[in-house]
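Each of the next two complexes has chain A plus one more chain, namely chain B in the first and chain C in the second.
Coming up: the complex of A and B.
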């Protein structure tokens, strides 16, 4: 029976970043995941977009998003320096294009909301939009430019984090884990091959599957539900098509196109489909391509690379669950829904602080896991 | 230096079927291909459709198609018996659905053309269409039912042919080959690793790449040009969506959906794109999905499996090149364009007959490779 200070259940970017930060603070750590990085960390588009992902009524979440976005450039640079691996951080900004006049009016409202929060954004005309991004469709009436909404290549990020934790001495165990509880406190995990690992603390970072991890008492199971996310990857044969991330709402459907430095483009959309199925639907791929082509027609010439579908962990208030639970030794770092990549640095800092008795970033305090009563979330899930 | 009676350059279904038939007739044979079955044999949808692939002005080609279709059931049964492997031959027939009234009128004309050729087909109303295939879109005005247009699973066919030739003692060599000529006659091939193989006859069955095979004298290079073909494969989660192959022309774009016995559906279209690029374009995938969903809306729920793009060998008259050339020992079996899977049995029979001095099927005589003067096809290709 081996023992570490902390075991992280889940080897996506959040779980790995937690283990990395913990190891940097002198803790021994292990990460357990049957297939690290095969979930939402892989499917994500890597947008770091507190401004264009801002929703009315989510001010506290905005504060957390903003704080993590502010950490990102340093986090990326530190990770690249530690590993020698690129993570594709790009700071070109994001354009939220309007589809029609009504849409343009709502972007004006969003711009005003940005101003009240001290967020920098500006409106550009259709002509200015085409000057900034000549590949956008003619006739779009205008856009909101969010210069501080950046991006990272989430797949490169995961590769770099895996290298970083390994060189920091973290054991990455390819197995499924259930929680072991003894005397009312978390004491480690049981692997699916029967092996027991012991730890002072266990952090649940299993994304959409966090609620399915066996051994967590019913009243502490995290209030996450799986929400499907899907991205396509294409590559333009003639070089970069876009400089900035372009987002739009086409006839009511949100779509985004994220240009990678290497020429790849990631196409995705908001989706509200729930459930554990991850097979990409032909109809969803059709709709994604239709909407992306409407905004950036030149994507029609791009070469198809792949489709990726995974599950994001949604929560009742769309905010993550970050922090200690009512069980000693059991912490949560899940429920990041649309913002998993963005919230990786601050989540890792917050959990590492809790594990070492340091001060937790203030913006994270509102996202303690205990804020949903188990009863309110409902049984039978 | 090894020697065989015949070397077939090209390990798609046609090349393999030729080698199989040659071996059955007592000849020693080898097949040379850098990656057997990676071209049009893999991308094809496997429709065996002389009636719904009938074009005015292609009566001779129809005769060849019909003759090969008539061979297919026996060919498939023989191959399954020889190998114990399934090839997915299905005889449920094909529906060519009309999109609008004008389209319905042209299907009536095709039906009359069928009658003059003694081909069985019948018109069905929109209501009858929905009774036959409830998953077709409501509102389609009618269809032509071609009961004798069948299908085969082309990927299973290739696997079975590979097993058949191997158990018949045919050597399948994974290499690129150029033609060796000595004293004015074909004497074998030179492999890209420098090895020389000798043979009494060399059969060019390289599909769209047949014209690129080095060593063929300019005046004998086959008049084939690459024409892109693309298919999508999806799988319906709730079981079979269609019983028959459904074809349509949606707003001028031909599309087809071929239901496999295992629940897979193959979606494809006619394409006239030429050139050697085989990367699937995002725009082409969008158009395919759009047109297929218009005819069979339920496909939207199907799970995406894969996209496949390859090159078909087009010819000036859309007919294949089957037979001896003006060079002793050099034969052609290429240029099958849209009908490569369909024409596999008759092409193999014709080439095997030529190799053994037996009678060539009469319908194949019109497709001798010499019918295009090199000058007429043009230099510089």
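Coming up: the complex of A and C.
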């Protein structure tokens, strides 16, 4: 039996970033995941979008998203310096385009809402939009420009984090884990090969699967549900098509196109609540391509690369579950829903602070794992 | 709430569909809701007793789903066949819904195309006939066409649900004469479904004699969904009370509200 200060269950970008930050603070750490980085970390598009992901009534979540976005440039630079690996951080901004006059009116409302929050955004006309991004479709009536909504290549981010934790001495164990509890406190995990790992603290960072991790007492199981999403990856043969991320609602259907520096474009994302299946659905691929081509016609000439499907960990209020639970030694870092890549730096800082007794970032305090009554979240299914 | 308001909600005037009394004449859809927490607030503000859920985009089972939220409130679930384009697909989807949810009620939706989202009348009637024959209680989402509504009633549907305007447009009731015609010859409840934008639209539907209103986007995509849900609830109650109150006729000349004969001459 081996022991570490902390075991992180889940080797996506959030789990790895927690282990990295913990190791930097002098803790010994291990990460357990049957296939690290195969979940939402891989399927995500890497948008860092506190402005264009903002919904009315989600001011508290905006505060957290904003705080994490502000950390990102430094986080990315630190990771690149530590590993020598690129993570594809791009600060070109995001355009949220209108499809018709009604969309334009609601973008105006959103822009005014941004202003009340001190958030930087501006309206551009259809012609200004075409000047900024000539590949966008003629006839789009205008857009909202969010200069501070950036992007990162989430797949490169995962590769770099894996290298960073390994060089920091973190053991990454390819196994499925269940929680071990003794004397009312979390004491480690049991691996599916029967091996027991011991730790002072266990952090649940299993994304949409966090609720399925065996051994967590019913009343502490996190309030996450799987929300299936699909993204497509294509590559334009003639060089970059877009410089900024372009988002739109085409006849009410949300679509985005995220241009990577290397010429790849990520198109997303569907959203459906159909359990834990991750089979790509033909109609979702069709709808995404149809809507993406409506906004950026020349994507029709791009080379097809892949479709990727995973599950977002949805919570009742769309906010994550970050912090200690009522069980000593058990912490949660899950439920990041649509903002997992964005919230990686602040989640890692918050959990590392909790593990070392340091001050937790203030914006994270509202996202304690216990804020939903267990009874309201399904009767033990 | 006053006795009259309660009466408008239930009292001697319940909404009865296929022999089942429902405690509200406002039926909500869940599509487009930004979060489950917002949905919960909107449901509570609306006072709704029945909610429709897309079987294709939300599968029952699993903790924390929209079904949990509805079950926790005792709100009846009306599965729908949104996204279906053929009678075959709709029948299959309804059959899966019955197996999964144990209800033979279904909101039948067969859409002709993605641009207008208008019901396809031929596929709709075909699916309705098949589902009625298979023992379903069918509530079809239909065009504001009195003749099609008549056919659907004759086919054995337990309600007819004509649109006010295309889905998600918020344009209100575009052809009130057709809605009045549908109401006039209805032998089953008429539920105004789709196109409503704000509370006065819901009130108008009820004033025209509709038995209930079904809406989703108007609430779920509002900037403050719970507030709009409360407004819709009030609009439905106001419209129903006005419908039953016997409104005054419209005149082209003024008619003083106070009698002028017999007044003291000063």
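Keep in mind that, in the parts below, the second predicted complex is superposed on the first by the 377 of 381 C-alpha atoms of A that agree within 3 Å, B and C clash if a C-alpha of one lies under 4 Å from a C-alpha of the other, contacts with A are read in each partner's own complex, and residues count from 1 in each chain.
The criterion applied here is as follows: contacts are C-beta pairs under 8 Å (C-beta built on N, C-alpha and C of every residue); 3 or more make two chains touch, one makes a residue touch a chain.
Since the model is a prediction, treat every value here as computed from it, not as a measurement.
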item	value
First, second, both or neither for A:252, with chain B first and chain C second	second
Superposition-derived comparison: chain B or chain C, residues of chain A touched	C
First (chain B), second (chain C), both or neither touched by A:184	neither
Contacts of A:134 with chain B and chain C, given as first, second, both or neither	neither
Touching partner for A:293 - first (chain B), second (chain C), both, neither	first
First (chain B), second (chain C), both or neither touched by A:316	second
Footprint overlap on chain A, where chain B in one structure and chain C in the other make contact	283
In the complex with chain A, residue positions of chain C that touch it	34-38, 40, 56-59, 61-66, 68, 72, 83, 114-115, 168, 223-224
Of chain B, residues touching chain A in the complex	232, 234, 237, 279-286, 289-290, 293, 299-304, 307
Chain C-facing residues of chain A, complex	55-58, 109, 211, 221, 223-226, 251-252, 272-276, 283, 314-318, 376-378, 380-381
